[in-house]
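Per-chain numbering from 1; labels A, B and C assigned in written order.
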Amino acid sequence: MGRYVIRRLLQMIPVFFGATLLIFLMVNVMGDPIQGLCGQRQCDPATAARLRQEFGLDKPVWQQYLTYMGNVFTGDFGTAFNGQPVTELMASAFPVTIRLTLVAIFFEIVIGITFGVITGLRRGRPVDTSVLLLTLIVISVPTFVTGLLLQLLLGVEWGVIKPAVSPEAPLDELIVPGLVLASVSLAYVTRLTRTSIAENARSDYVRTAKAKGLPCHRVITRHLLRNSLIPVVTFIGTDIGALMGGAIVTERIFNIHGVGYQLYQGIVRQSTQTVVGFVTVLVLVFLVANLLVDLLYAVLDPRIRYA
Amino acid sequence: MPEPQYDDRGAIAPTGAGGATDLALSEAETLERPPPGSPLGTGPSGKPRSLWSDAWHDLRRDPVFIVSALVILFLVIISIWPSLIASGNPLQCDLAKAQEGSQPGHPFGFNGQGCDVYTRTVYGARTSVTVGVCATLGVALLGSVLGSLAGFFGGGWDATLSRLTDVFFGIPVVLGGLVLLSVVTSDTVWPVIGFMVLLGWPQLSRIARGSVITAKQNDYVQAARALGASHTRLLLRHIAPNAVAPVIVVATIALGTYISLEATLSYLGVGLKPPTVSWGIDISSASPYIRNAPHMLLWPAGALAVTVLAFIMLGDSVRDALDPKLR
Amino acid sequence: MRGAMRAGWTVCAVAVALTAAACGGGGSSGGSGASGVVSASWGDPANPLEPANTNEVQGGKVLDMIFRGLKRYDPKTAEAKDMLAEKIETSDSVDFAVTVKDGWTFSNGEPVTAASFVDAWNYGAALRNNQRNAYFFGYIEGYADVHPDTGEPKATTMSGLKVTGARTFTVRLTQKFSTWPETLGYAAFAPLPRAFFDDHSGWLAKPIGNGPYLVDSYARGSQMSLRAWSGYPGPDKARNGGVDLRVYTDNNSAYTDLTAGNLDLVDDVPAAQLRNVRADLGDRYINTPAGIIQTLAFPYYDTAWNTPGGARLRTGISRAINREQITDTIFQRTRTPAKDWTSPVLGAEGGFDDTLCGDACDYDPAEAKKLIAEGGGLPGGGLKITYNSDTGSHKDWVDAVCNSINNALGDDRACAGNSIGTFADFRSQITQSKMSGPFRAGWQMDYPLIQNFLQPLYYTNASSNDGKWSNQEFDKLVDQANAESDPAKAVDTFQQAERVVRDQMAAIPLWYQNGSAGYSPRISDVALNPFSLPVYNEIKVS
């Protein structure tokens, strides 16, 4: 187990460097950000040159990357163009996005798995068909349409929620955005659980448990669910990183000042330091979540042993 | 010690807020191929049927399959000949009619530029189907080739590829789109397709890798190897035909999500560009007007949803047919 | 088996924790703060909030509240009136003697002196401070020494600025510029306290100025709370308790928050909401002309666009655009069809002339088609209008302009929009002369002078002459006008230069942009100034 974790941690190193290099190159491909700082005018050449120097943009890309990574290891993620340190941006953005992600995952777990269990046990019945259809519709409508629609109906027309989340982003204001963010994954979790439950419901051990005369809920929770949760846990685990970085659209619609918003601003202003800094952290979150999921397998399925 | 088998849980993708970013379902991975020669089903003639003919036998009787296949057939036909059912010109717009509702000859009304929504919805099918089909083909080809090589040869190849897919998985798809596509000036569909292939292949490569690993442990592959079959022959003749099913299933489902992703990219201002007519462009430009003129959004979004639905349901029923356990 | 139980319990525990947290979170939110405080929409400023470093509206809002300069533009008429200036005297339009009024202090108690201005301007001009607006000081003698185009600066202060007393200083310009004092209302010319130089990072975290408001707290990226400064010595005291500027991710979410009653003031109503703004807000919606003009510029560095018949071609394109219809339908009259290359806020006296463009700006499809054919047809057979898709709703009007051109020419592929993902990239491609067809050009005036609408945009090699248009006659007339000491004659000469722009159709004028704002029933006396900024200090809270 220990050796396995160490090996996985070592493997993270090349992935980490690869991902940061990739995003570094991608942002660099976007071109020179300096002209955007001077509004509708051309920066005078002297100031533009100074600004380029200040942000290290006058050096070749590989050198920029090395300098940047060197700084990252000392905890310096650079500054955004408005002079704000990127670490400060992170300190304000990540708590908000973590809350939003938790809400989204909560919905995925509670609604997704509940629906999944119900449909899996009632395969082919009307309830199965209608939930299945519902999940399909959720998957097939783009998130921004769902988000705008819910904002209009719940926020503006019926006044049930605040259409725009306040800067503190308390949990209750994040319920609807969280639901929107979770919607597609939620549909997947439902379908995943359904398939898995349906498969395991016919297995011998469930039949045995039933034959022993165990009460139904006990069979479901102790025997069926445990074995069916493995693919679901995988999905949710890997979804964490994606939810945190992928909230660009949701955060924009609901005025949430989280990671997605900062990333969007960083991209629009082509601020390499902001974008690379945030993505670096996201990649780390993704990698750690992946590792945790793999370790969780061993807990869920005693047959799996890591050496 | 080889990687734990469960590490090949390929089908997990970044689920971005784009919604469409999920390129596959983990369900597909649960697919397990029966060893050949097992008493699967036998046809009326007593001759053992292959998995494929068995699946086809099932599919022909599956109403979900028939309906979704018909919808897709219809879409393909109007993509090739949109003028069959729409006589207008999608680029002919009269600002004086902007946002007007349904009226004779214009059943879906007009959009914000005064273009006929019905005509644009019909003509938009071509772009969306092209994007979906081409991106899926590209992803499936690249992903399955790289994935099967990694799965087949293992070792260093495999480790490198697995880490490479991790690198790509770490970057949110919507983010990648914003960054990469914002530098593109071409008004064709190819940059968008290229981007989807670039960020989509790791998905399928994981699945292909997983199923190749499973397939190569089968007795008949071992037997062929013992008989001295070359790598190429092993891969192409023995492993590939038995490992391709999960790839097909995931690809069909992914196809729908690519079509939806195109709309999200347009919403962020980096998708397709006019004069290309696409549902994504129309949905994103109509979405701010959702309060005043919902019909502008409803029709293209509805068409998109139906298309995505058809492809996902097709993928679903193919999976069910290919999965002996669910019979 | 035990593992499963544990997993199950974890799920439950997470669920319970989340529900509890969700319920607990409710209490802390709500409540609109101290009474008398206006909440207003804001965007995150792109640059540090220094006066000479701010060149966009969002940072401009703050500077307008916390600073007062020598001059201030009248919120209604845009006329440059003395604020801190007691008098600015000149005999030759080159040497100016400035006297600062007595009794002004910064909000930390430090008096505003002549040195407050001179130090601030020297700071703004110096190359080493990387100020984006340094060129504003370019007319002052010695600018080239502190801000050379290449190489290291030779001096740290400009030789043209001299403090002659506690409240007096002199300015020497490098050329005759009779209306120079009227440019001094621009934010870059604001005075700065010692704290700005002594504790720079502290100042940036919580700026100190001499305006009617002081910064109470500043949470970067989310909110700035400004409160009325009770000791403000000026005549334009704040009539409310303060302003909370709240950052919104986009103008649509700000607008929905206003309609839901969570926000008092939105100064940028999104185009998509204009159709329902009357229904939502009734008469709590204002639409005021602002000194902004939108044009289509052309890449004159591209030989395809720099042909002898080019003027006809461009005039033809101009006449193919149905400005009336587009401003009515797409903009719901928050834009006015352009009739010249300036802005109505200048007034007829200031050089605005609604007959100057004449026929060349009138929609006439038949004439357009003829002119374009005579001008050699569209280069390459089609137009691509380039714009950036991340700010403003440019796509709608670009598509409408293209449809109008396509309809006029009877060719549905003659024109198409070409969006670029980010403003930075758009600007960078323009600076590198990479445009291959017309592109969006918007100009918001820095100060209300006709000079500001012509010289920076069309003078050879001027800072915003993005199309690299060059015309000797135009340059000569502008030089003449600047040297003219009689303002009326100067305006007249500028208009002659503007006619050269018209005859060559250097850029196609599209429309004048209005400022539009919506507000809640809580507040009244809301107005937008000619720079489309809300006049915050006059807002009353009921």
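In this text, contacts are C-beta pairs under 8 Å (C-beta built on N, C-alpha and C of every residue); 3 or more make two chains touch, one makes a residue touch a chain.
Since the structure is predicted, the reported quantities are computational estimates derived from the model, not experimental observations.
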When A-C and B-C are ranked by contacting C-beta pairs, first place goes to A-C
Most central chain, judged by mean Cα position vs. mean of all protein Cα atoms, is A
Chain centres computed over CA atoms; the one at greatest distance from chain A is chain C
Between chain A and chain B, the Cα-mean centres are separated in Å by 21
So, in whole Å, the Cα centroid of chain A is separated from that of chain C by 37
Taking each chain's mean CA coordinate, chain B and chain C are separated, in whole Å, by 45
Residue ranges of chain B touching at least 2 other chains are 178, 182-183, 291
Multi-chain contacts in chain A, i.e. residues touching at least two other chains, fall at 30-31, 152, 156, 251, 264, 267
By the touch definition above, chain C meets two or more other chains at residues 390, 421-422, 425
Within their complex, chain A touches chain B through residues 11, 14-15, 18-19, 22-23, 26-27, 29-31, 136-137, 139-146, 148-149, 152, 156, 180-181, 183-185, 188, 191-192, 195-196, 198-199, 202, 230-231, 234-235, 238-239, 241-243, 245-251, 260, 263-264, 267, 275, 279, 282-283, 286-287, 290, 294, 297, 301, 304, 306-307
Seen from chain B, its contact residues with chain C in the complex are 89, 91-96, 98-99, 112-115, 178, 181-183, 185, 187, 269-270, 273-275, 285, 288-289, 291-292
Residue set of chain C touching chain A in the complex reads 1, 3-8, 11, 14-15, 18, 21-26, 28-29, 44-48, 55-56, 127-128, 130-132, 134-135, 147-150, 204, 219-223, 246-250, 253-254, 256-257, 259-260, 262-263, 390-391, 421-432, 441-444, 456, 463-464, 466
Residue positions on chain C within touch of chain B in the complex are 252, 270-273, 275-276, 322, 325-326, 329-330, 389-390, 393, 395-396, 399-400, 402-404, 406-407, 412-413, 416-422, 425
Listed in rising order, the residues of chain A that touch chain C in the complex are 30-47, 50-51, 54, 81-84, 88-89, 92, 102-103, 106, 109-110, 113, 151-152, 155-156, 159, 162-164, 166-168, 170-173, 175, 221-222, 225-226, 229, 233, 251-257, 261-262, 264-265, 267-270, 296, 299-300, 302
